[in-house]
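Chains: A, B, C and D, in written order; residue numbering restarts at 1 for each.
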Amino acid sequence: MRKARGIVRNLQQAGWYLPAGILLFLVFVYPVLRTLVLSFLHVNLESGFQPVFAGLSNFGRLVSDTRFYRSMQATLVFVSVSVLLEFVLGLALALALEQLKRSGRFFRTLLLIPWTLPTAIIAILWMWFFNDQYGAVNDLLLRLNVIEAPVAWLAQPRSAMAAIILADVWKAFPFVLIVLVAGIQAIPREMYEALEIDGGTYWHKFRYVTLPHLLPFIFVAVIFRIIQAFAVFDLVFVLTGGGPGGKTETISVYSYYTFLRYMDFGYGSALVLVLAGLLALIGWTLYTLLLRHYEPGR
Amino acid sequence: MNRAVRIFVFLICVWSLIPVVWCGLASLKSSEELARIPATLLPADFTLQHYIELFTRRPFAAYYINSLVVSSLSAFLCVAAAGLASYRLARSPKRFRSAVSSSLLVMAFFPPIVLLFPVYEIIRMFGLVNQPWGLILPYAALNLPFATWLLTGYMELIPYELEEAAAVDGLGPFAIFRRIVAPLAMPAMTSAFLLVFIFSWNEFMFALTFMNLESARTLTAGMATLSGAFSQEIPWGLLAAGVMASTIPLILAVFVFQRKIVAGLTAGGIKE
Amino acid sequence: MLWIAAAFILSLRMPGANPEGALSVLMEPDGTGTWRMLIAQFEKENPDIPIQMVEGPPATNAREDLYAASFLSGKAGFDIVYCDVVWTAKFAAAGWLRDLTDRLSRQDLNDFLPQELEAGSYKGRVYRIPAFTDAGMLYYRKDLVESPPVTFDDLERQARQLQNGNRWGFLWQGKQYEGLTTVFLEILWGFGGEWIDAKTKQVYLDSREAVKALEFLKKTIGTISPPAVTSYIEEDTRTLFQAGRAVFLRNWPYVWTLVRESPVKDKVAFVPMVHAPEESSAATLGGWGFAVSETSSRVEDAWKFVKFITGTEQMKVMYERMGRIPSRRSLVPAEFVPIIEKARMRPAIPEYAQASDILQRWVSAALTGRPGCEEALKKAAEETRALLGHAK
Amino acid sequence: MASVRLVNISRRFPDGSLALSNVSLEVEDREVVTILGPSGCGKSTLLRIIAGLDHPTGGEVWINGRPAAGIPPRSRDVAMVFQSYALYPHMNCYQNLALNLVLKKVPREEIDRRVRETAEMLEIGDLLDKKPRELSGGQRQRIALGRALIRNPQVFLFDEPLSNLDALLRERVRHELKQLFARIQATVIYVTHDQVEATTLADRTVVLDRGVIQQAGTPETLYRMPANTFVASFIGSPAMNLIDARLEAGKLRIGERQIDTGLDASGIFRIGVRPEAIRIADGMPAKVALVENLGARFLIEARVDGVPLMVLADERPAADSLQLQIDPKDIHVFDKESGKNIRSALDSRRIHP
């Protein structure tokens, strides 16, 4: 009797999780398992999309795939530079807004706009800006006499990567900013007052109060950004398509091509699995190195 | 010092807004003016031609409706499912809760490209390709971990005694959720709804892949097919008008719901 | 809540499929209205077969992906495929196209350009019926150039002589995309080189000829071609050329129609692409045709349309209104015959898209910076061999 | 109205801790029982088990002669006033009061009539349109009370309802509650950690510690005959003096004096004397260590031969030393190990019916 009641209660309990569970199963659990299975199969044009057992050969191919390494390199460059810039800009601006106090909220609203806009659509805008003939960037630089002739930003690997990073920083630094502003607001005012009574300067306030309190917020924002930037797709796909010379092709973009253009589902699965594994590793490492220390009791 | 800070903040604001403002102005210029070198700043001959063209020559109205329908429904479905789950989660033992939270975290950080193809297979199996539900369900699910996470944090703050009071008052478990917990969690649910709406509105990869009929596209995918990335004629004016038309709802949302969006973002970012 | 309810109702009755009974086809943007006109004509003759034309994005690889995605979805997204030459092998290998070999009449078989027919075939069966053909060629300003160039050296020399601060020497398509492959192939063939043998799957990209070809292209950048040429596609180069800002332009026949309504209308002529002294000129074969989707439930109706749209009269309309060169021998205008004769097919392999990507990436990489031409082609050759070997 | 019977109730939490152990209690119809104990003693758990919000791991709850197992809170017909009041923040006071009746599908007019009646009784008529966050602590408390009263339930459960009020208000509300209980003639189970509340409101008080009932009885019994040192020190203010001392044949030796407890026992015992039972009169000499002014009276910390004793006196001692007198019948003797009152253990039959 009591046992039966327990079962009924467990069923009722499960009911609460059912809608979420179904959605997550369909869109996370099954797809991940399916990808795992696919990565051990050849399912491609050559096999007529019929699954053929491949063993580890997809992964073997990956080891010697220079394009994979290239895309990994491009991804790493993109992630490190853009997240670093976003962090520096976000922190500087968060501290600056704190100085301004009253008008801070208004600026925060304005700065939230870039973050809210769809990347795929904004990428079109940037593509226009960087156009060598009609682009605003060249127009401005020409007028300021910084350059003599129009520069084809998206036609050179370095400047194309720089353009992508610029666009990403533009869009994503407000996120870092907002998290850090929240962090600054959470610092008890008394801390500063105590330090002031003790004769601390602005630098001391930053060094002994702001920074230590802000660290967990910084870590959260940076880890979020690193992981998101690692999976970057929209921006690169629309802005450069991976070019020129494949120098801006990130792993997500390469994987997308492998699936939808080359129709190589087995190999594509191996690719995305490696991406997911890598991200898990990075996420876990960052988490244990930086965040776990701050979790309990904070 | 203060002056320098002001100038710095001002410059950053300019840099954040200029692309959008520039685009807004450009969308009002005639095609001839846009092709002029060097470019003009303010529209010399003001025209709404590009906007008209957007809605007449292109199925932009359809993109718009699709985006609205898909984003609203996925946000609604997501918040509803996340609301139910997070309520129970907030009331379950800490060990279970933190185990679930960590797995949600892992899912929230999952690169969407990993899921793209298998999800496509499922959508295909259910015959939802080119159907709004082919995007609504994946979007709701993709944002579910984030929404659950955000809501659980909030639900934990709702006093348990309220639910006990409601139970004594005569409410069953679901009625407690519907009449007491959900109304109280409304602020967080609104934040979650707005954020999921924005994420869905902005999603590109799934929209591009799952919706291959013109009439089924959402704004992001529709715009990309108008775009120069795929284009030979490069219709700058049309693009500028498209960018403006598809982003204005979001810009308005930022101004109206700034506080809610920030609350959701920071809660989502800081919790645990 | 009302809003959600409204959205819900809309979501259920939103159009996710073709209008009942219409055959659908994904086309290029119909700027001139010619396709619409031809379809209207077909519908008039066959009132029981309405055609729904979807105007796709202008970029061909985007349309290729759209077709692929719709075929992958299993249901017949499209009944008729408006098909590029280079898609045929891939789509046929994937089993998405219907074998049309036995439906072609002997008369048609003789009339269609042999390269176009071959480009529409996979493993000896015809899947795609050509509608018009395309081949790369060299436009030049006849008011400036005394005798059109024949060799690469001629081109370079004349370009250097005739360019000035307002005008570049030579325009070509250097962005990393399919256009770059076609340009590079013309240079490669012009030097006597080869890319891939479709039958043996041999790769020749690391040959001396290939290096020469790439070095030639690289040398033009910043000397006779604008530095931004590595970001140009067809339309960028056409607009510049039409504005009188270049002497030579490598492009397709469609430019011929448009250039005659531009500021330089009476100052332009064309010749086949230049080549190395001992070699002969080559053009990359382009062109589009129509195929019937394997998943279509109305094959006979679809075939009727394909047969109609590739008919003689329709091809004439396409040439007149869009400047598209008919793919029937009997209709090719005399001035284009020398060019069409030089046209060569890109390898008809299912992995074409990927092979082309490899080529584009390495050629583009070499053109825009490191590595050197020889190394880039070596890498490209290795990757291509790996691809063609691995695909089993 | 109804009776409540608890039979051997035990509650073990999932982490293994025992919140309640074999608690048995019978609350008669229309009886006001207070459950007194320090925080964490399990008293709230006991209340929640009666309400059906928590479930015992052993034992049974009977309400009005029927077993309550498996009956959800909403069907037990009990009303509860929570420590935090647990008013629904998103509803106004009227809706807070009316919710239960609405759920019972009581006709609208009757709901309205009963809300007005209750509001009138509690003098909260002008608050009905307000949301809880607009009210003061005392007003919220009244609304919470009203929400329970309006239902006319079988049993009222109170979970420290006064603990969030300031001292002055607490006293006033306590007084009103006492009147209210007299008026409504209801079965009330009232949990508190405040001995004054527990003893003033109750017909009977149950002292709970560490999940075990220490003693149950009328306030007088608890005061006069505490069953053990816990009850002895918990009831009465200021707290009872408890010292370890040697008894020799029932004679207690403090300083130079001997007091005969009338018991026949020898050994070390814990001896309890209430501060108010010690009189300043000729007797044991003691030194004054500290004097606290309690307003009406004075609390003196005196030392008899180094042993500290708290003494309640009417006047401030004139000198540094004084003399103390203790009546032998005011001396409580507890077992040192178990803490049991040796005297009341003998009379236990009289205390536990």
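Basically, contacts are C-beta pairs under 8 Å (C-beta built on N, C-alpha and C of every residue); 3 or more make two chains touch, one makes a residue touch a chain.
Quantities reported herein were computed from a predicted structural model and do not represent experimental measurements.
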{"item": "Length of the shortest touching-chain route, chain C through to chain D", "value": "2"}
{"item": "Where chain B and chain D overlap in contact partners, by chain label", "value": "none"}
{"item": "Chain-chain pair with the highest tally of contacting C-beta pairs", "value": "A-B"}
{"item": "Middle chain, criterion being Cα centroid separation", "value": "B"}
{"item": "Chain whose Cα centroid lies at the greatest distance from that of chain C", "value": "D"}
{"item": "Chain centre separation (chain B, chain C; CA means) in Å", "value": "38"}
{"item": "Chain centre separation in whole Å, for chain B relative to chain A (CA means)", "value": "16"}
{"item": "Distance from the mean Cα position of chain D to that of chain A, given in whole angstrom", "value": "59"}
{"item": "Residue list for chain C, restricted to those that touch at least two other chains", "value": "69, 72"}
{"item": "Junction residues of chain A - those touching two or more other chains", "value": "133, 241, 260"}
{"item": "Per-residue multi-chain contacts in chain D, two or more chains", "value": "none"}
{"item": "Pairwise chain contacts, counting only pairs that touch as defined", "value": "A-B, A-C, B-C, B-D"}
{"item": "Chain B partner contacts - residues on chain A that touch it in the complex", "value": "12-13, 16-17, 19-21, 23-24, 26-28, 30-32, 34-35, 38, 89, 92-93, 96-97, 99-100, 105, 107-114, 116-129, 131, 133-134, 136, 139, 142-143, 170, 174-175, 178-179, 182-183, 217, 220-221, 224, 227, 230-231, 233-234, 237-239, 241, 251-252, 255-256, 259-260, 265, 268-269, 272-273, 275-276, 279-280, 283, 295"}
{"item": "Chain B to chain C touching residues, read off their complex", "value": "65-66, 68-70, 72-73, 76, 120, 124, 127, 129-134, 136, 209-210, 212-216, 225-226, 229-234"}
{"item": "Residues of chain C that touch chain B when the two form their complex", "value": "3-4, 7-8, 10-11, 14-18, 29, 31, 54-59, 62, 66, 69-70, 72-75, 77, 233-235"}
{"item": "Residue numbers on chain D that touch chain B, as the complex places them", "value": "14, 48, 51-53, 72-74, 76, 78-80, 82-84, 86-90, 99-100, 103-104, 147, 157"}
{"item": "Residues on chain B engaged by chain A in the complex (per definition of touch)", "value": "1-2, 5-6, 8-9, 12-13, 15-17, 19-20, 22-23, 34-35, 37-39, 77-78, 80-82, 84-85, 87-88, 106-107, 109-119, 121-122, 137-138, 140-142, 144-145, 148, 173, 198, 201-202, 204-205, 209, 219-221, 223-224, 227-229, 236, 239-240, 242-243, 246-247, 250-251, 253-255, 258, 261-262, 265-266, 269-270, 272"}
